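Sending over a structure as structure tokens; questions will come in a sec.
By letter and in written order, the chains are A, B, C and D; residue numbering begins at 1 in each of them.
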Amino acid sequence: MRLSFVSYRLVQLLPVLFGVALLVFLMMHITPGDPVELMLGQAGHATEEEIQALRHEYGLDRPLHVQFVSFMGNAMRGDFGTSFVHKQPVSAVIAARLPATVELTAFALLLAVAIALPLGIISAVRQYSFVDKAGTLGALVGISMPGFWLGIVLIIIFAVKLHWLPVSGRVEYGVGLDHVTGFYILDSILTRNGAAFWSALRHLALPAITLCAAMCAVSMRMVRSSMLEVIRQDYILYARAKGLPESVVVLKHALKNAMLPTITILAVQTGLLLSGNMIIETVFSWPGVGRLAVGAIEARNYPLIQAIVLLYALVYTGLNFGADVLYFVLNPRVRTR
Amino acid sequence: MSTVELGLRTEAARRPTGLREFARSFCRNRLAVIGAVLILFFIGMALAAPWIAPHSPTETNLDRRLQAPFWAPGGSYDHPLGCDHLGRDLISRIVYGSRVSILIAVVVVSLTMLIGLVTGLLAGYFGGLLDAFISRIVDVLLAFPFLIFALAVTAALGPGLVNMILALVFKGWVEFCRVVRAETMSAKASDYVLAARSVGLSNVRILVGEILPNVVPSLIVLGTFNMAVVIIAESSLSFLGLGVQPPTPAWGSMVNDGRPYMLNAWWISTFPGVAVAALVLSINLMGEGLRDALDPRLRD
Amino acid sequence: MPKRVGSKCESDHSLPPQSRISRREFLSGAAGLAALLTLPSAASLVAGCGRRVGSGSGITIGLDRPITTLDPAMHRSRTVQAVVRNIFDGLVARTNDMKVVPELAESWEVVDDNTWRFIIRSRVKFHDGSSLSAEDVKFSLDRIITPAAVGGQSSPRKGLLGPVSEVEATGEHEVVIRTSEPFPILPDMLTFQEIVPAAYVREVGDQEFARSPVGSGPFRFVEWRQGERIVLERFPDYFGGCPGIPPLGPAHLARVTFKPIPEVATRIASLLSGEADIIQEVPSHSVRSIEKQARMDVAACPGTRTHYIGLNCTIPPFNDIRVRLAANHAVDLRPICDRVLGGYAKVIPGPLVPEAFSYHEGLANYEFDRSKAKSLLRRAGQLNVRVELDTESSDKELAEALAAQLSKAGFDVRVRVWKWDLLQPLLAGLKRCMFLTHWGNASLDPTDILVPLFRTGERGNFTGYSSKKVDALLISANTTFDPDARRDRFRQVQEILHAEVPAIFGIAKQEIYGVNSRVRNWSPRPDGMLPMHDVSVS
Amino acid sequence: MLLEVDNLQTYFFTAGGVTKAVDGVSFALDNGQSMALVGESGCGKSTIALSIIGLVLYPGKIVGGRVLFDGQDLTKVPPREMRRVRARKMGLVFQDPQTTLNPAFTIGEQVAESILAAGGTARKAAWDRAVAAMEEVGIASAAERAKQYPHEFSGGMRQRTMIAAAIARSPSLFIADEPTTALDVTIQAQILDLIRRERERLDTALLLITHDLGIVGELCETAAVMYAGQLVERAPTASLLSDPLHPYSRALIGCVPRLGSRAQRLPTVGGSVPDLANLPQGCRFADRCPEAMDICRQDMPEIIRLENGREVRCYLHA
């Protein structure tokens, strides 16, 4: 039963990935703009023949369908070609940037959950209380602030005025952090490098807070509303009537049921975080995939864009898949049917 | 909705759900009324912009470039919130900006809601191939980073207001569709829909009469939040080069335009940001009130 | 003498820039460390772990663009060159005031119209200890001019070497360069190329080389965390640098860190917080907020980029010269330079910046006269003609100011803000009629800008301007060695362009940098290079 | 006296006004006794149950009267103590086993939890007792079924589970709120039988809340009829059924179908319950009462105690 569900969902991923690949391929190729022109920059001295030669080198002179087939074929082998700008395999370019993005996103996600879950629960249990109202207000403010604005404000306050936190980057030079996994927090723990750990954490703070603000707001509201829905259910009244302590009623009986819709929302939100990365990473000069993507799009760096979009799609569908599986595990109705 | 005979709902809260009742219930929610009044205020501001705004929103005057708000050094009461990087009066731009921002939010959210509602209802209710088809499209669009969309749309159609709305709608309906679909599926399995089916009600009547009312509350909550998201998205899009074109003032773009001046002229992007937050707050307060008034289950 | 502009500079005019900065007090070491110390727990954690070794002699530079490669042959970015130029040297270099001087080349001579001979300096060492020879020079230039020579790919810098067709190592320290047609500006163009170690590149491969390069420059490569920073260290065995740019010897700085920080506000914030010592591309409106800070300063110099409004001469309304003239009479660039650009810009009457070779002093901008503009438009039947002014978001402010002026003089102008990748093909296809853009002229030789912008059918010719006379003059100027003859031809071209007005000229913006006052001996350069060899910190 | 409800007033403060769901109800129940609260839906009988267990939720509030339980006034007990009282001394069964069991936990867990809440039992022991209780209420292979989820149980089985959860901790008061309403007729009988049996076995007092007079006779010694937030009649069940005094009781009993009765049409009570937020001045049943007099619309009748221990709120018996 379980296996068939999982494999069914896995099979569903394939058309999605294919659809994403096709979409990004078409979008990038049918819109005007020549990567070779952009690569050569504004200064003169490039002849038409040179441009043609470069186009040929990157296979841009072949018919669209041929390009797509070869792109898909190579992509299945994990080969996304060479980045026009970096002159390196796309996979290597992305691999160098991926840990930064994953670290930032994971941290922001943790932060968002750590804030949104308790606040959402309290707001629901104590509906119309001060915490509820303050939380609602906070969520609205959080969602009303564009990431770049909040980011710059935080930089001005915490880096420029107070000198508490660094403006950009991931870790100080000179703390002697060894590369193990590429996740600096993890690396510093693995190598027991306290200075590096502290430095990495400080660098992570501002971008993570900025990134999680909007997600935190949405998640909190979602937790609150699904908790409100659940708390009105008869089984909660019954649980109370049984004389269970309020904490058990809320944290066990209510939360487990409220988690089901929340998990789905969290998965979607994490997907949105990935897009949010593009702007936050730019503001904080965070060396991640989001900033890479912005640059790649501006330079029409097709191989890199395609790979990044596919990666995003993969992560996103993977998250959703994970949420589904989790839903499946948490929800006895689906599981045992 | 089977409920335990426990008095809370069945005994105390049985009231007809007429329009008047709805209005009464809504009006009793003080915060919701405040929200509604604020929204009316913003709409009034948008409509009466030419009479309210002290100056032209597009008139540049380089002598007043980056002039500070009235309380700060260099400010004057003539331009209470200061001037932007081209010496345009900020408060006038905010007043006029309400037009564009409200228009964008309303148009985008209504369109996305409508598309999401229809597709979500269909997918959730009929299931099968239709569901699979819609769900895969939804999955593909959801898995696609928004930035790429925005750029593709600009690339195909050029930057501008209408194209920006298209880009927002193109991706925005998906979220509504997902939620509506899920709600529809759970409502479909419920007793009252089974009952309605067994009585032989037509699909349309079940969808509109039985399922829709259950979907609407979450739709409204999502919709009000999306208003906020859309207004903010406009600023992110101008960050990416797909914003409202100058010199038309729009709050989101104004927030973005002020970005490089954050260090030395914070007011340029902060005041429009405050306007966004105030509008979003009032939309949301009203949304909550609407939801509570619309949903008999949540009424007290 | 490099030009420094800016209010503070002006007031200190009598002092050389270096000493001016050096007079300032600098308190503790890195400001970043100071920031850290505000948190006691941080201090205890960091203490004794060797952070910021010799912090006094390190410098951090905030770049406005990402660094995509460290292979000097595989980029087309000024910022990348500014970085790699510290790791590598070229045959030829420019002084801070843009004079071309020999670097790795000891001297050169023109053998004939199509042949040049370069004598290479001996006793130059690469960072891996090997010696630089003529072979390395040939290898480096061959990588650029030969198609698919770098790991199967062609160098995007080929165009910069124009007609260079063959490079031959004729001795241990002698190289002959042949061109397919006369190429008088070869030395100028060679300043854009750097010499790489042939043996090392062959050994590690092109890809690895691009990640961890070895050069012969004053700094050697230490670390590149992509998107985050590039760290270089002093190369103790450096040959000393151009004799034309004293002092000679190894670099003063122990370490140079480059950090790409594309977001303007963030870049300024990292200067103000002490994380960066020099930052690129400071917008003029932020100058005051930097100068306000103790120990922070602004340095500016003339740039090499020309901002202009291109007018498409092939489609209405600007196919009518009266409309083009009207547009030129409609704008008053002086207040724009003074206010919008904070005085960090100069009005220019043509495509060339005043520092460029053969700049025509005799030309003047069209007189600002709205009624004249309107009457020209009326005569052309185009009064209140509606046009869109295309631009990029980086120039939005300027475009809005110009549009406001044009709209007061009989045009109805709307600004449309694009991304360059989308605007570029439309411009190249001559589909847009009015656009604000800029073009760089890093070599300061007019060829670099006049040819791509105004020769018939060139890829930067977005105005569709076509004049047989101009085409012929440009070709002849480019193949002539006599500087006076070249100057004369370029001046003629400028006169024709001024008369036929394919564009509204023009603004030459300054390059504005933010500098921490502990930095000494550094000054900004028009070409945007950031040589750190002579720089030190107090 | 185990339970003494004295002039209980529970109001709901809603946007529409004050809804007097329970308006001055008094009754008493001794150890081992059983009593039924009968009335139409919406008359406030379930609110009485909630008031007793201290779970009247916002916007409801007990505004007057006392609920004495073991001599303790539950309306004045702090929530934490109230929880302990519920856990140790009360057992509850609700109407709809479909929605009252948490879908996310196993049956055994939910029964065991109820034992754990009473305190003094280890987790393992609680589980064992839960399984034993499930066996006791007639669930076959209880050890296996305890590991299943509510949706795998039938309605009757779920109701048995609820009873198991209630009896597992040997409460002194057993409150059953419409325990059979949602069940099939055949199952109803089994469940009623089970309740009676368990009540006798444990000698628990029973407060049965129902709209179905038919089941009252089998379970309860006394019955109280409720109308619009008030008690209108209280009597030993047998007397009430054979000789109802209040016109409402009569109407209600008239509604109970009798097997073998040949009536073509079931009699119904005409009209509807008055709005609890907007009550009439006089007798609350006056509008629907076939025997209403002028005074009935003027003044609210008081409860009248008759010699045989019966109580009725009606001017007919003054």
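Just so it is clear, a residue touches a chain if its C-beta (ideal position, glycine included) is under 8 Å from a C-beta of that chain, and two chains touch if they have at least 3 such contacts.
As the structure is a prediction and not an experimental result, all values here were calculated from the model.
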Core chain by centroid distance, with centroids computed from Cα atoms only: A
Chain pair with the most C-beta contacts: A-C
Interchain centroid distance [CA atoms averaged], chain A/chain C, Å: 36
Centre-of-Cα separation between chain B and chain A, whole angstrom: 23
Whole-Å gap separating chain B and chain C, where each centre is the average of the chain's CA atoms: 45
Inter-centroid spacing, chain D versus chain B (mean Cα positions, whole Å): 47
Sites on chain A at which at least two other chains make contact: 31-33, 148, 152, 156, 160, 234, 237-238, 297
Residue numbers of chain D (touch at least two other chains): 57, 94, 96, 99-100
Chain C residues counted as touching two or more neighbouring chains: 265, 269, 272, 419, 422
Contact footprint of chain B on chain A as seen in their complex: 12, 15-17, 19-20, 23-24, 27-28, 30-33, 136-137, 140-141, 143-149, 152-153, 156, 160, 218, 221, 225, 228, 232, 234, 237-238, 261, 264, 268, 271, 274-275, 278-279, 293-294, 297, 305, 309, 312-313, 316-317, 320
Chain B residues touching chain A - in the complex, by the definition given at the top: 3-4, 6, 136-137, 139-140, 142-148, 151-152, 155-156, 175, 178, 182, 218, 221, 225, 228-229, 231-232, 235-236, 239-240, 252, 255-256, 259, 262-263, 269-270, 273, 276-277, 280-281, 284, 297-298
Sites on chain B touched by chain C in the complex: 58, 60, 62-63, 65-66, 85-86, 151, 154-155, 158-160, 238, 240-241, 243, 245-247, 257, 259-265
Chain D residues within the chain A interface of the complex: 53, 55, 57, 79, 83-88, 90, 92, 94, 96, 99-106, 113-114, 117-118, 148-149, 151-152, 165
Sites on chain C touched by chain A in the complex: 31-32, 34-35, 38-39, 42, 45-46, 49-53, 66, 68-69, 71, 74-77, 147-148, 150-154, 156, 158-162, 206-207, 210-211, 223, 225-229, 231, 257, 259-263, 265-266, 269-270, 272-275, 419-422, 424-426, 428-429, 439-440, 442, 447-449, 451-452, 458-460
